[in-house]
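Down below are the structures I want you to see.
Two complexes are shown next, each including chain A; its partner changes from chain B in the first to chain C in the second.
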Partner chain A sequence: MIAKDKDKQLGRGGRRWRAVLVWFLAVVVLLPFAQMIWTAQRPREVVDRSYRYLSQLLPAHEMTRHLEIAPRPLRVALTNSIIVSGTCALLCVVLGAAAGYAFAKKEFRGKTALFDLVLASMAVPPAILMVPVFRLTVVLHIYDTLLALILPFSVTGFAIVYMRYAISAVPDSLIESARLDGLSEAAALFRVVLPSIWPSVLTLAVVQGIATWNLFVLPLAVTASQENYTVAILLGRLMSDFGGLMWNDIMVVVIAALLPIAVVFVVFNRWILKGSTAIGDEHPAGRRP
Partner chain B sequence: MPGRYAQPELLEPRRGRSGAYLFLAPAMAFLVVFFLYPVLWTVFVSVSDYDPVTATARVEGLSYYREVIMSAALWRSILNTAYFGAVYIPLTLLGAAVLAMLLVGQVRSRPVLKAIFCAPCVVPTVGAALIWRAAYLPFNGSLDRLLCIVGWEHGPGWAGWLGEAYLAMPCIALMCVWRDTGLLALILLSALGRIPRCSYEIARVDGATKWQTFAYVTLPMCLGTVALCLIMLVIRLQNVFQEIYVMTEDGGPANWTVNIPFLVYRYAYIDYGWGRAAALASVLFAVTGIIIVVQNRMLNKRLGWS
Partner chain C sequence: MAEVTLENVTKVYPGDVVAISDVNLNVADMELVVLVGPSGCGKSTTLRIIAGLEQATRGNVKIGGHTVNQVPPKDRDIAMVFQNYALYPHMTVYKNMAFGLKLRKYPRQEVEKRVSEAAALLGIQDLLDRKPRALSGGQQQRVALGRAIVRQPAAFLFDEPLSNLDAKLRVEMRAELSRLHHRLGTTMIYVTHDQVEAMTLGDRIAVMHEGVIQQLDTPLVLYNRPVNRFVAGFLGTPPMNFLHGRLEGGDDKILFNEGSARLELPRWAKYGAEALSGREAVFGARPEDISIAQGPGAMQAKVNVVEPLGNEMIVHLSTQYHDLICKAPSDKHIAVDNEVSLIFDIDKTHLFDPEAGNNVTLTQRRHLPE
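So, the complex of A and B:
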């Protein structure tokens, strides 16, 4: 009896230790963000010259002072990123749903080969596509325009695979009844099937929007002027394009680039987590019809 | 009995097959133009004497491949990639496994913890690389300042964490570990959640110890997911480019951070050796292709699509 109680106590103690450990790890994960905010709110001289890093705090309005370094390029980049990410998210959902529907509900010749192509497009390192995609945009006369940032990313392998999983969970009877009501196949897909799996659709849109926001390698190859920078390119080229930047200025720009993502992350947290862990699930889109 | 089963035929007229292609066409057109065509073009350039200025080409053979394979830079970049992987893959996978096991016990605070651990992977990698580069600065970076508090000061010749030959690559890898561990932990956590409770009860009734339960119940049940995670990590390993572009800029110190994708970039954009870049890229395609085939087989088996 005593031994049993002891066992229980140990178990409870162990659980407490695990909680302490996991929260400690959470703090460690957040440290780089803390450093980012800390560096951003220091006056410009302090970070590079003074060793007394942790000694003085500064009012928040110091941060806006750093923003004066690159206000216009930052504003332009934010606008570009919002346009590009929004358009790509929308196109990914529409095109991915159409292709995913064909893969999920139809039999046709070359299905396996085409799906292999889709999977292959997910895994090829973007760095080795830089030269051909750059050349392609030149040939298509869209080099250094927003179109060059949208078209290559308007459908992704992930979108198609994800929609295939999601739509294959929809019962055929739903589609059949929609057809019996006189809807065309496309109308059945977009007005009946997609609304019935709206959580998956929303997940895909958010995940694709964030993924497009973070794209760097290929966009770098197809843009030249600051007018067409997205936020990620601005960050990557910050030090080569603007002279005399201190790390506090850079961190303020990083924060400005993160803020929209942070808002989306907080609002759509549940959907992002669902989409991000999709690879491990049997049916990434969930078993919900 | 064609009369009784007329309905499906009515719904799926004979053009059902072409209907499938209509749905596929837009997405596939984009994939063919912006993915398949660039890949094929790269393979073509690798076996020809392509001139970027006049855009003319004549098939020449495998001379670029010979040149690439003979060059010391290739083997150096393979070693660097392996060095990166040796830090990145075990740390991420082990960290994710430990984190997932820890998260299982945290029922009430799990949503908050999940959000915290997932946060690094939604940050643009370029931004994360800038944050970490600032942390690695010599003397003034937060890492050195923290070590200073503990009492570990560097000598005057210290070039920073990213300035030392042996340290630079692991330091970049550490940033990627920070970025990906949480995501992988969540994937493993959802796999743990799918293990039926009764398996654990049976193990307990059989008198299995904690370790035995882990080795004979938890691990085999998650093995498929772990394998998928491993493939994901290998693919990410091949994608490491922007991290280096931002953190060490030119693959320095003394080429210690030039990995294979960065070498392709350097051949193409700094040396303008498009043939060599294309040859190296084609080899990478082939390696990636093998990985994809394996992944596809595994996915199909798991989903019963084969």
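So, the complex of A and C:
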């Protein structure tokens, strides 16, 4: 309503200028992506000759050829990334929910101090953790395995804080109803509490999955062999290991890194918005007494 | 179906909050007992201890003759209905009602049969495929009732189930609950802060105050023979009038001196004078037991406000020392600011100890209506 009223106030000329501005901004934002796709489709010589052959604009088969040249490292890295991000997303939800539930619904000694600690952990830059995490993976004999990529990120401060506030909105009586209906406390958490706030749960899973997907510094510290590269590490290696920078190969990997995220966003967009606004809202099961 | 018994139950929450102390309650099989009292008096705590959602600090809980202190909530064979309904928002109405049965591994036909029977009983057959958010408050409350009914528990526990409904729906659902109780014949314990709900629903009522059951009896006994000032003032709208004063006179005649007037009291007041520590006393009279006289009366008062309700009037009065409320027939002409004289239905009035608050003459007055 308010937006429409403003529309009227702007008048015809104003609306036109606004449209021009919006399109201009959109082009500015999308330009790097366009260049990325464009470069990825070029054969190396073409790129090196600074895109001189305009006649070769958008030949899609070139991109597939690049994928064929170095398909294995990329395929392995993609698989690793999907396994690692998916598992981390799942674990963040499960462990974050368990911890968040305790913070939201239970009283125990040192609760406030412990929660402050969790909050503080969110402020620690990952780079600082490089050495300790590396040492830990060595001690646990999981250095250079996928487990080393998963374990350190299986729960985050953010997941705990987020789940605490999401679960706080769930009325106690809902949990008590579930317990009277015959569920254990843990079963009530996973079969009633989490489904009742599933937009928030989904949002957390997506956010954590993407965060893990984009991790670079810490995974770099705990992997050595190409077998265990994630897409982000592969990208990093491509940009440093090989003699010259092969921008076309790099852009293919960049696309491989971005595409899944874009798909996830498009698919879950609706619910993610719901989940990020649901916190602080009234829980569907009603006000707390 | 079963009786529910609390024996000397005390609950102390962390931080030394004594929520209820030494509660004794015996709810007979098929009986509906209402726990009523102001907010924070320990009603919910009592109910939750029966349900097993809270552990008693001391005392015993028995359901059907068995001590259930150590039995987890799901095995106590009770069903509970909450003020906010607590329906599972991600399940349909059918699944909400069937959930408890499925967890108890009932065969599918039995689950379907029970759910459809309960739905028919509550008139919610058409809502079975809906999600709770697509229901009105009244419909949600019916589903919550249905979820309890399908379990066919030994006892139903209700915690202020009607408080979130609007006034009209509340009256409707009250009648419906009464009907359900007669129909199902199951033991019910019902918590409310609303004394009208308590009076209309309860076979017996337990009036609670500050964690203690003040009196447990049938609605009319509570109304006519309140054991103390709290019970007397809690039940009835407008509430009972309390006048502070002194007892005067001797063996032949007892007078209550309000300050501006003296009321002559019947013979039972003599025992009151003996029971009281000093001669100070609190005199209690319900609004309907005070009337405005045509001629001379026992006390003079000024009319402050007149509230016509259609069927009757509520009249706010004041003497030099006290404010009073009385009821009058709606055809009576009463002008604000006028002086009127009052007559008391003296045999229905009470004397309370000003400190302890107990009704000092109750035991001497078998003739009081029950």
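To be clear about the criterion, the second predicted complex is superposed on the first by the 240 of 289 C-alpha atoms of A that agree within 3 Å, B and C clash if a C-alpha of one lies under 4 Å from a C-alpha of the other, contacts with A are read in each partner's own complex, and residues count from 1 in each chain.
Here, contacts are C-beta pairs under 8 Å (C-beta built on N, C-alpha and C of every residue); 3 or more make two chains touch, one makes a residue touch a chain.
If you're wondering where the values come from, they're calculated on a predicted model, not measured in any experiment.
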Partner chain(s) touched by A:S196 [first = chain B, second = chain C, both, neither]: second
First (chain B), second (chain C), both or neither touched by A:L146: neither
Which superposed partner A:V22 touches (first chain B, second chain C, both, neither): first
Which of chain B and chain C A:L174 touches, first, second, both or neither: second
Partner chain in contact with A:L183 - chain B first, chain C second, else both or neither: second
Partner chain in contact with A:W213 - chain B first, chain C second, else both or neither: first
Greater chain A contact set [chain C / chain B]: B
Which of chain B and chain C A:L90 touches, first, second, both or neither: neither
Which of chain B and chain C A:A104 touches, first, second, both or neither: neither
Set of chain A residues, in rising order, touched by both chain B and chain C: 107, 176, 179-180, 283
Chain A partner contacts - residues on chain C that touch it in the complex: 14, 51, 53, 72-74, 78-80, 82-90, 99-100, 103-104, 132-133, 147, 160, 164
Chain B contact footprint on chain A (complex, rising order): 15, 18-19, 21-23, 25-26, 29-30, 32-33, 35-36, 38-39, 47-48, 51, 53-54, 95-96, 98-99, 101-103, 106-109, 114-121, 123-133, 135-136, 151-152, 154-155, 157, 160, 176, 179-180, 185-186, 189, 210, 213-214, 216-217, 231-232, 235-236, 238, 247, 250-251, 254, 257-258, 261, 265, 269, 272-273, 276-277, 279-283
Parts of chain B lying in touch with chain A, wherever the complex brings them together: 7-8, 11, 16-17, 19-21, 23-24, 26-28, 30-31, 33-39, 41-42, 99, 102-103, 105-106, 109, 111, 113-128, 130-132, 134-135, 137, 139-140, 142, 145, 148, 178, 182-183, 186-191, 194, 225, 228-229, 232, 235, 238-239, 241-242, 245-246, 261-262, 264-265, 268-269, 274, 277-278, 280-281, 284-285, 288-289, 291-293, 295-296, 302-303
Contact set on chain A toward chain C in their complex: 107, 171, 173-174, 176-183, 192, 195-196, 198, 283-289
